[in-house]
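Shared chain: subunit A. Partners: subunit B in the first complex, subunit C in the second.
On to the complex of A and B.
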């Protein structure tokens, strides 16, 4: 028998394993999408328009007769690639600079923290749409990454700042260990211990942002279609052909759920 | 109670943690009579913690427990079952083990416990607590407990816990290292009060400890325990007499004693001045520093040693922080290694501090995320441009000196025991080759054996590398083991100064006498010339 204090870490480990296994399978499906899909991306077939799920078309077909299973796989591939790029930008720009800023002297770090806090208070979705408006729809992943960066900055700053106020950091400073060495400690240990969950959490957050942006029509540009755009395109005939939106939404849900589980169901970045 | 007057009888008790190679308690049998005091004495991991868990009814569910327990007149029951003893049992924890929830006042929590234990309304329990505190000589007022735990001094919390136990009028008190590390005078006062309450109320007392203070001050039967088995038992005086089991003799020998014989001076007043302090006043008003008339002036030479002896709040830490330039000086001047710290920039002060090492009794003094090797390597990498081979060589030598060479180098500091962390701090200090080592209560929280080894490690460090030692402690035995001279501090003032032996021979102040008396164990002093 185990106590609740022993059970909690065990449950968390199970969730991590399930999450990362799921992400691994999704990554495999994306790599093999050209083999797994019955048809190439965007291949229309006028003879099989809006067919309900069947053995020939497990996910049915859409208004142009595109196989929804193949389209969902291609859409997943586009969504995941864009989300990975956006998450990388958010972590590299936001997380890294937040950790460095927390070690800056003379309150400079806190001024930066305040400025980034203002940006972090604005919904990331609005910032993303604003950034796309200032650039182009093509740069949606970059825009989402930049919009999520202030949030990653604030989180990294607070985490490292907590470390810099700790007793061990005070003792280290009292024996002449420099700020640069303490920053090296943080980058080595803090990132080693938190990079995987932070990456998974960021992936979940930017996937939601990018899909929402595409759903609203500000994201991916056809002929490339991500899952958000597929759901958005099915709006008009969703009540007659539910499968055209439901299956891409299900795939999207699985991707986000796996990422959140891999992050240990920790509170995600606010979309 | 039973006819024989037993409070409990434990027979063949085995306790094992899941996956552990050895049991925590191995066929352990113990009987405690009504009104009797038993001190369970052993090292950390000797099994006394498991005994307290079983008797207190909070054993972990993973524990494999066998054997029987009979409480008073009740029937013999398997120890693995949830025990519902027919006697009143009170538990006295150590306030430093954070027994209180942090968001509610100490008073509210103690009143709640008392109300539940006595079945009375909380308001009555509060009054009972007030009466109990009034009864205990030297105890604080009830109002002193009416704050969140973080704002209440641990000694005040200990008084509250003791009053709560007393107000329960228990048949049995389980004390789990209850008063350890609260400062020598506080410990001796609280132990004396506990002994008085035990006499007055006649409860049986089971006190688990790693040190000899409770054994010497509470009297009663001492049960020496090792690897889950009883080594031997008897009264403290007999066990200390030398006619005891070899393990017990080592345990009692580990108890530090004050000596009135002048030790050969380990470098006092040798070498150039390292630290010079002029006119420093801890009581100075930072807004009106000109009012200072006679501040503290002293110097510490290279290789010399000085102990700042005083209890929490005496000003010893403030003095150290100011002397080292960690806090801004309001008055006076501090010169370290011929450089006036007042005129240096933060960067330059920081560079100067590389010749200072800290060894403290705080378990969070090392970064828990770092590995054992990285912790030792860091001062070398931070201050010197050495090859990896050289760094590994210095690291190995330092770890060997403190007895950690056999430990896995990639192990995180968080997984080390308190004793290992303490030795690791010394290893880190050794590689830094400091001019000054600030040693702040280095033995706090360690059992008698670990304290002995730690003293040896520190003495070896000082002998071989010769840094000046600034020792911060409330314990004159620690001060004497590590330093030659001492300042006694009280209320942020130095009330007595001089060589430690001279202070021990003829203490001028009552406070100094109380500090010495607090670490002089009645009946256990064996060595000739000891206090």
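On to the complex of A and C.
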């Protein structure tokens, strides 16, 4: 008979598998989006404006008569491409730099940790909006990655700092292993053990940020539309035509949920 | 205790100084002739000195002092955050304690994961839709003018209009509250002192009330900074979705219109609020757990 303590890790494994499988299917849908979509991106049809979901239009149509199923697929493609780029920046400038900084000598790492802590105290959404405002909407993925980096930096720094105070690290230092060797070893373990969950976590975080800034009008520039911009555009009439916002929101929810499950995040935990 | 408080106060002061440096750099963007690294750093230094004299500059849009303009808008945001934190506690505290461990948590986990994956703006829009179609309440989502009605009011219609933005902010905070409580409760449940106290003859209620409850509340207090950041970020979205003229909404408009003095001040105030919550929470948590110990 299975005990509750045995069931919990199994449930966790199942959720991981569901998350990664979901992300795989989403990636496949994005690759095949041009084949799966009934219409090219932005194809308007004045004869079918604001039609409710039907067999012809399973997700309905929007104010310009665009097929919401096709638009959601194209929007997902834009969202995922931007989010992957932003996640890569957040991991490189945040996670990797934080792990290296935790090994810097003479308090230099702690000074960097303090400086990054200031940025990490500001909500990432506000930092992203600011970074886009200072540059251009074209750079929204870069801005989101840069804004998420301080948070990733602090998290990686604290994790590696805890490791460096562990018993095995003290033994290693006592046996004369150099700091550089220890750093290489820690980075190897850090990336081997945590790269996949860290990447999924970063993907969930920047997807939320990018879709929110697009919703607020700071993200993707039309005619290209991501899911956040689609929902933002539907805000004016979604109270009468729910499908215009509900389906892009549902697609966005599935993407973030899969990334959260793949990252193994706790319920309610911030990615 | 005093040593801990001094250390945290130092950390708080350093954080505020760092935020002031960052915001002076943002503010320097608006200064003419601040192109190139040296002139920019010079301008940022000048802005930092001006900040020290409480001169935060003028708005590029209205021409008013940014402090005066923020003073008009900030109370609305603070009221929203305050009411939202109340809602976060009401929703998040029972969830956190109920889902602390055991079969209820496993049963509710999929639903909680789905709710946690919903971006705040989607939650806001969904709440507005529900308010209109299920409760037949008025919402300010697509009003032609900003809904400037206060959050705390005796008027029923005003309360109904304020309910959804408050709930939007509250739900974002509730996720952080329940997580902090759940983690603290799980940690407390696994503590070794429980068996020792039982052997000393204390009842389960006494152990929970005297030892576990302070530990759980301390866990919540220690996460206050994190909760405040979640509430502030949600306030930005809620004010935008529900068309409410607060400081968070002003930040979005200031950045869109390149009013850098205004954006810098709002960012500084928000960072200050997060640091203050972090500082107060850590002191409170330390006092609660270590009070009476030598």
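Keep in mind that, in the parts below, the second predicted complex is superposed on the first by the 265 of 271 C-alpha atoms of A that agree within 3 Å, B and C clash if a C-alpha of one lies under 4 Å from a C-alpha of the other, contacts with A are read in each partner's own complex, and residues count from 1 in each chain.
Basically, a residue touches a chain if its C-beta (ideal position, glycine included) is under 8 Å from a C-beta of that chain, and two chains touch if they have at least 3 such contacts.
On a predicted model such as this, the values are computed, not experimentally measured, just so you know.
Enquirer: Clash or fit: what happens to subunit B and subunit C when subunit A is overlaid?
Expert: With subunit A as the common anchor, subunit B and subunit C collide in the superposed model.
Enquirer: Based on the superposed arrangement, let me know which partner A:172 touches: subunit B (first), subunit C (second), both, or neither?
Expert: In the superposition, A:172 touches subunit B alone.
Enquirer: Taking the superposition as given, does A:193 touch the first partner, subunit B, the second, subunit C, both, or neither?
Expert: After superposing on A, A:193 lies in contact with subunit B but is clear of subunit C.
Enquirer: Who wins on subunit A residues touched, subunit B or subunit C?
Expert: Touched residues of subunit A are more numerous for C.
Enquirer: Is A:256 contacted by the first partner subunit B, the second partner subunit C, both or neither?
Expert: The second partner, subunit C, only.
Enquirer: Give one of first, second, both or neither to describe whether A:160 is in contact with subunit B, with subunit C, with both, or with none.
Expert: Neither: A:160 stays clear of subunit B and subunit C.
Enquirer: Is A:148 touching anything from subunit B or subunit C once the two structures are fitted on A? First, second, both or neither.
Expert: After superposing on A, A:148 lies clear of both subunit B and subunit C.
Enquirer: Check whether A:37 is in contact with subunit B, with subunit C, with both or with neither, and answer first, second, both or neither.
Expert: The answer is neither, since A:37 touches no partner chain.
Enquirer: Mind checking 19-27, 109-117 or 523-531? I need the stretch of subunit B that runs into subunit C in the superposition.
Expert: Residues of subunit B that run into subunit C: 109-117.
Enquirer: Across the complex, what residues on subunit A touch subunit B?
Expert: For this pair, the touching residues of subunit A are 1-3, 6, 166-169, 171-178, 181, 185, 189-190, 193.
Enquirer: Using the touch definition up top, name the residues of subunit C that touch subunit A in the complex.
Expert: Per the stated touch rule, the residues are 14-15, 18-19, 21-22, 26, 29, 99, 102-103, 106, 108-109, 112-114, 116-122, 125-126, 128-129, 132-133, 141-142, 175-176, 178-179, 182-183, 225-226, 229-230, 232-233, 236-237, 240-241, 251-252, 255-256, 258, 263, 267, 270-271, 274-275, 278.
Enquirer: List the residues on subunit A that touch subunit C in their complex, please.
Expert: That would be residues 4, 7-8, 11, 15, 114-115, 117-119, 121-126, 129-130, 132-134, 204, 208, 211-212, 215-218, 228, 231, 235-236, 238-239, 242, 245, 249, 252-253, 256-257, 260-261, 265-270 of subunit A.
Enquirer: Name, in rising order, each residue of subunit B that touches subunit A in their complex.
Expert: 60-62, 324, 326, 350-358, 360, 362, 364-370, 378-379, 381-383, 432, 434
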